[in-house]
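Down below are the structures I want you to see.
Both of the next two complexes hold chain A, though its partner changes from chain B to chain C.
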Partner chain A sequence: MESILRQHRSKVIGLALVVALVVVLLVTGQKGALVIGLSTGSAYGLLALGLVLIYKSSGVFNFAQGEFGTVALFALYLLDFHVPYWVALLGALVVAGLMGFLTERIIVRPLFEAPRVILLVATAGVALLAIGVEIWLATSTGKPIAKAFATVDRVTVLGVQISDQRLWLIATLVVLAVLLGLFFTRTNLGLAIIGASQEPTATELVGISVRRLSSFTWVLAALLGGLAAVIIIPDGGSFGPAIMTTQYLIPAFIAAVLGGMTSLPGAFVGGVLVGVVQSVATSAPIFEDIPGTKSTLVLFVVLLGVLLVRPQGLLGKGS
Partner chain B sequence: MRRAVTVVVAVGVLAAAACGQKAGVAGTGGEGGDAGSGTSAPTTASVGASTTVAGGETTVAGSTPDASTPDASTPDVSTPDVSTPVGSTEPTAAAPEVGPFEPGDNDAAGVSDNEIVIGIHAPVTGASPVPQQSFDLGKDIYWKFIAESAPDQLFGRTVRVVFRDDEFNPQRAVQVCREMVEQEGAFLLVGGGGADQITACAQYANENGIPYLSAGVNETVLADLDTYFSTSLTYAQQAPLIIAQLQEEGFTEAALVVSNTPSFDDAFEALKAAAAEAGIGLLYENRINKDASPAEAQTVVQQLKDAGAEAVILLASPVVYVLGLAPGAANQSYAPVWIGPGITSGLNQVAAIGCPAVATGKFYSPTPALAGVDELDPDYNAAYAQFVGTDPPADDIGLQLWSLNKAIGLMLAATGQELGRAAFMNTLVTTPEFDNGIYAPLQYTVEDHFGGTGAYLLTTDCDAKQYVTAGLFEAG
Partner chain C sequence: MTVTREDTSAVGRKPPPARFRPSPIGWALRGVIWLGVAYLVLVFPLSRPAGDLVSYTTAVCYGIVALSLNVLLGYVGQISLGHQAFVGLGAFTSAYMVTEQGQSFWVGVLAAAAIGGGQALVLGGVSLRIRGLYFALITLSYGLVAEQNIFQIQELTGGGAGQPAPKPELFNTEWRYYYLCLAFLALVLLVDWRMMRSKAGRSLLALRENPRVAATFGINVRMATLFAFVVSGVFAGLAGALIAHNDTFVSPDVWNFNLALVFIIMTVVGGLRSRAGLVIGGAFFALMPYLIEKIPGFTDLLAKIPGPQDLTPEIAPLVIGPLLLLLTLIQFPGGIGQQLRPITRWLGGRKFDLHDRGLKEVQITDVRA
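Now for the complex of A and B:
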């Protein structure tokens, strides 16, 4: 029993955390926060999956992850005028993937040997460039955007309606977290990506092109960013330049860090945790008297608390 | 552990840069540069004190002169007398009254024999942007119109407008205001939107004796600035109108959601006081983050719904309203009446991108809706077509700018040929009222620079994806 627990320590910790959180929220009357945290946090989690993917494979904090999503939104918005919605959605994902590919080819690959901090700044540059182009070509004001599923009242949990669009988001996140987890542990390609991030020279020596793997990873991460955007943002009905960066990137980073930065299921858990914390910080009476951006304040306290106890994050593996 | 710390620091730096209360709103205020202590006479010519500076009747348009009984069922905005053409003022008919302002070192900066420079700032990028194209196109239509139709109104001078994007950031607002004054030579400054940015720039203007005008926002801080003048009701002044409207619609309870910027503190208190005085119960109160996260907005919506609020008094940025609260409520099959003060939430852009989630929104505005403005001022649409064209068509941001510039035009004309900052401000506080035919008349005194006297109530028409005028209501 002890060895099993030790072997699945991360999963046990994650499960224990989830159970404890649910109990605390139900006991304190914050049941709504649980559902809101799940539905909103799923968006953070999906974006965080892309962040973890890049970090896991290349050790880079990708500040352009949000803009992969925003660019996909613009593509969806434009294509929706000309082709059926689902075709437009697929087109938007292609555009996101293409942006990821170009980012890797033009920015990341030439800086492959540079210190990671240089790449971090470079990805921030990509994000700023994308935002500038979005404002330049489309102006900074909002635009309406259609959603795939219009029904909002099919499912109600603990008094909170979950729209079909959000159900789609949650299902997508769960499926992707599991599939990507399996991909990185059970497939040769996934193992090669992990190997390339940890021992690039050795990986090359066994005949695997590290650079080709890098392209694949960036495209996959961009697709995840695009997917997050085209599912979650249309649920609000409108969008504007930089929306994924300004509204979702920071919570997604926090979700990734909370989850362990290298753990794909951790991104999911972290995303939900961030959503729940933000919701509880808004609604719980104990935080009522905190002035200013109390949800951000509480969120960072939680983040620091978790990292003090578990520096590798909730589901991350120690170095 | 080192990697974890690095991650925290990186995320923290990013968050610090992107989130949180914008600094620079309060605390930089000083005494007005050129404003005197209030007793000595100005050395430049002051203003004719006629009650009708231009543009006709002092009566406010609309059918409801008493704010306590607003008549929202009367959408017809009856036309005030705007038959007085521009340039028909008689600004040289000087009958000086004493104003408190004395000329400073740069009293006539921005004014030459043939030009007056006006600086406008507004957020066209940042967290709560308004369309830059609308500002670019609309900022000087009125001045072009005047130059062509009434070139003598400003004594042979034309007006050059310089515009800067303040990026929805108070520090940036101060920076661009300084640029407009020091590099472009602006005679006066105008705030196009955003309470925090207006407050920050108005403080800078006050420190340098520069007249500063904006639509009414907060009273806190601004009430202490000698050179600040509002051109419409402040948020706090609109509180009785909002509560009266709720009563008119039969609400006995409501919820109150106000952004947690200090600039809105006075409005928050005024709304609570007005509700208490009118016997409207507040089911829920919240100071929502200025840049509320999606989870926070959704939580507030859930609390509003759980509280059973059928009407929500809202004072927040359009981004929080359109991206967070309204769609969040729609996703919960919850459709309260959203009602509030302010300008930006009442812009057609909000209806265009927010419908159908914002279908129950109604907001007060210093100008009527674009539809029907011809009844009040037939010149706007015609001038827009003449100087801009029909693509893009005239919009309500252009109308806001037109109305503001028209009011400023009256003020400049009333000041007379010897134009200086002190004379301009003395004119404002000694002239009984300025009526541009669109705004409710503006009335300033030496003690009270919040000049608005009424506001239009705009309701959302999601079929047309625009706002329509429900009526014009006088304050107090």
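Now for the complex of A and C:
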């Protein structure tokens, strides 16, 4: 028992933190913030998962992660005029996956041997290019986007009403978490990806092509980004160019760092943690006198605190 | 641990060849090129209308921003993703000092540089043990905090309306102000050059190559990183102040994350650790909308590309800039500076060598980003 605890110490710490946070919120009566934070945080978690996957496989912070989502949104918007919603949704995911594939083939692969900072700037370039094309195609005003489920506020949890769209988000996330967990522990492909991220040379030695895995990882990450976008954004009702980069990418980054940058469950938990902290903080009285949006300020303070006290991330392994 | 380029390149050479001396014709040719560059920078703007001068001055200021970012990115291998906040705070500080406090332009510029260095000192002091990825993240979120909170402070930024920033008395025309900014650029170049020739500069380079090895040679890794961060902050604050008084007005909404990305892009496309390349890269990205408008026939060509709306000079850079960046990265990872290196070496009185692209190991290999 003790050895298991020690082995999973980081996970225990993370879970304990989440539980403590939930209890504090319930006691202080911040139920609304809790529920909203959980669902927004799920979207952060999805994005953060893609970030961690790519960080593990290519060793780079992927700035294009948000734009995989925005591009999927544009595809959904355009396809929705011509085909049924669910087909359009599928099409949007295909487009996101394709963008991930092309990014890996055209940008990442030629820079395989390049310094990581160059690769980082390259992914920022992909994001900027996508944003530029979006502004060109769409004009920068917001466009309305349809929801998968029209019903608003059907279910009540802890006295807070939740739209069907948000329920769908949470359900998708739970299913996806289980599927991904199985994928990375039970299938050959999943194990190969984990292997390639931990020991690329050894993985090559046992006959696995690390480069081929790299394109698969990018497609998978792009799919996750696209999925996060097409689920969370329609809940707000409208979208515009660069929306996923400006609103979701940075919280997702922070979530990934909270999770230690290498842990997949850590990215999930980090996302939920960031979402809850953000939504609670926006209504906290101590920040009343500060002008502007408080959510980023709170994240900044949390980030500084985490990095000072536990630089390897809440759920990361000790160095 | 001396890792200047001269030292490392001298290792493989023995016996040292006689120093190359250009022939009189060679000197004359170099002189002509130098004169051409001087004409383009110093004389040509005199014949342009005032509106163009504002663009040129912005280009000069972006050159300073690129040099500022290069101190972190090129010399110590740390990525600042919040540089727009440093430049922006410099701009607001100077505008505030001049407009609200009634101080002179020079006090404003000094205050901007001091604030730029000061915030780097505080931020770096808090996160001293943090390098690499985490440094990037801290600066990233600091940039967002600046955008969403600091730049929303009414007194500092004049609210949504923005803060006026008049030009100084002696330099109150666009032309004079352009030369003032050129002088500041020259000053920054000089400081940067002398710094990299000093012990502190060499220890920065050693740090980038390998922090652990640098530490065993007695370099204080934290202090050196902090030093570079502060220098970068001072340059950024200065550039911000100059940009503010060039536009005669600072608005809170331009200092967003996209600008930070543009800063990084122009620094990398310009070429890390190449002063000429950095200045050219900064100027190029600042001038892109202007160039698109001025190149004859180019706007018509852009308008012919089918799309829901025309590629106007405002939108075109958003598409063309990143395309150029990706091309640069895949084809010429050393940036403009590396491509120009044979020419700049030749201009400096050395032999023309087309294959002289600088040393491979000068590239960053150990940034965990």
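Note that in this section the second predicted complex is superposed on the first by the 310 of 319 C-alpha atoms of A that agree within 3 Å, B and C clash if a C-alpha of one lies under 4 Å from a C-alpha of the other, contacts with A are read in each partner's own complex, and residues count from 1 in each chain.
FYI, a residue touches a chain if its C-beta (ideal position, glycine included) is under 8 Å from a C-beta of that chain, and two chains touch if they have at least 3 such contacts.
Computed from a predicted model, the values in this text were never measured in an experiment.
Asks: Overlaying on chain A: chain B and chain C, fit or clash?
Replies: Once chain A is superposed (C-alpha atoms), there is a clash between chain B and chain C.
Asks: Given the touch rule stated above, what does A:L227 touch, chain B (first), chain C (second), both, or neither?
Replies: The answer is neither, since A:L227 touches no partner chain.
Asks: Is A:F253 contacted by the first partner chain B, the second partner chain C, both or neither?
Replies: both
Asks: Name the contact category of A:L304: first (chain B only), second (chain C only), both, or neither.
Replies: both
Asks: Which of the two partners, first being chain B and second being chain C, lies in contact with A:I118: first, second, both, or neither?
Replies: Touch partner of A:I118: chain C, not chain B.
Asks: Once the structures are superposed on A, label A:V126 by its partner contacts, choosing first (chain B), second (chain C), both or neither.
Replies: second
Asks: Which holds for A:L76: it touches chain B only (first), chain C only (second), both, or neither?
Replies: Neither partner.
Asks: Kindly classify A:L213 by the partners it touches after superposition: chain B alone (first), chain C alone (second), both, or neither?
Replies: It touches nothing on chain B or chain C.
Asks: Just to be sure I read the superposition right, which of the two partners does A:G240 touch: chain B = first, chain C = second, or both, or neither?
Replies: Touch partner of A:G240: chain B, not chain C.
Asks: If we overlay the two complexes on their shared chain A, which of chain B and chain C does A:T282 touch? Say first, second, both or neither.
Replies: First partner only, chain B.
Asks: Between 1-9, 325-333, 397-405 or 415-423, work out which stretch of chain B sticks into chain C after superposition.
Replies: 1-9
Asks: Could you give the residue numbers on chain A that contact chain B in one complex and chain C in the other?
Replies: Common to the two interfaces on chain A: residues 61, 63, 120, 135, 139, 246, 250, 253-254, 257, 261, 291-294, 296, 300, 303-304, 307, 311.
Asks: Which bits of chain C are touching chain A when the two form their complex?
Replies: Within the complex, chain C touches chain A at residues 73, 77, 79, 126-127, 129-130, 133-134, 136-138, 140-142, 144-145, 148-149, 151-154, 257-258, 261-262, 264-265, 268, 307-309, 311, 315, 318-319, 321-323, 325-326, 329-330, 333, 363-365, 367-369.
Asks: Can you list the residues on chain B that touch chain A in the complex?
Replies: Going through chain B, the ones touching chain A are 1, 3-5, 7-8, 10-12, 14-15, 18-21, 124-127, 129-133, 260, 289-291, 293-296, 298-300, 302-303, 306, 322-324, 327-328, 330-333, 349, 352-355, 357.
Asks: Within the complex, which stretch of chain A touches chain B?
Replies: 32-33, 36-37, 39-41, 43, 61, 63, 120, 135, 139-144, 152-153, 159-161, 163, 166, 232, 235-240, 243, 246-251, 253-254, 257, 261, 274-275, 278-279, 281-283, 291-296, 300, 303-304, 307, 311-313, 319
Asks: For a test of understanding, state which residues of chain A touch chain C in their complex under the given definition.
Replies: Residues of chain A touching chain C: 59-61, 63, 106-107, 110-111, 114-122, 124-129, 131-133, 135-139, 242, 245-246, 250, 253-254, 257, 261, 290-294, 296-297, 299-300, 303-304, 307-308, 311.
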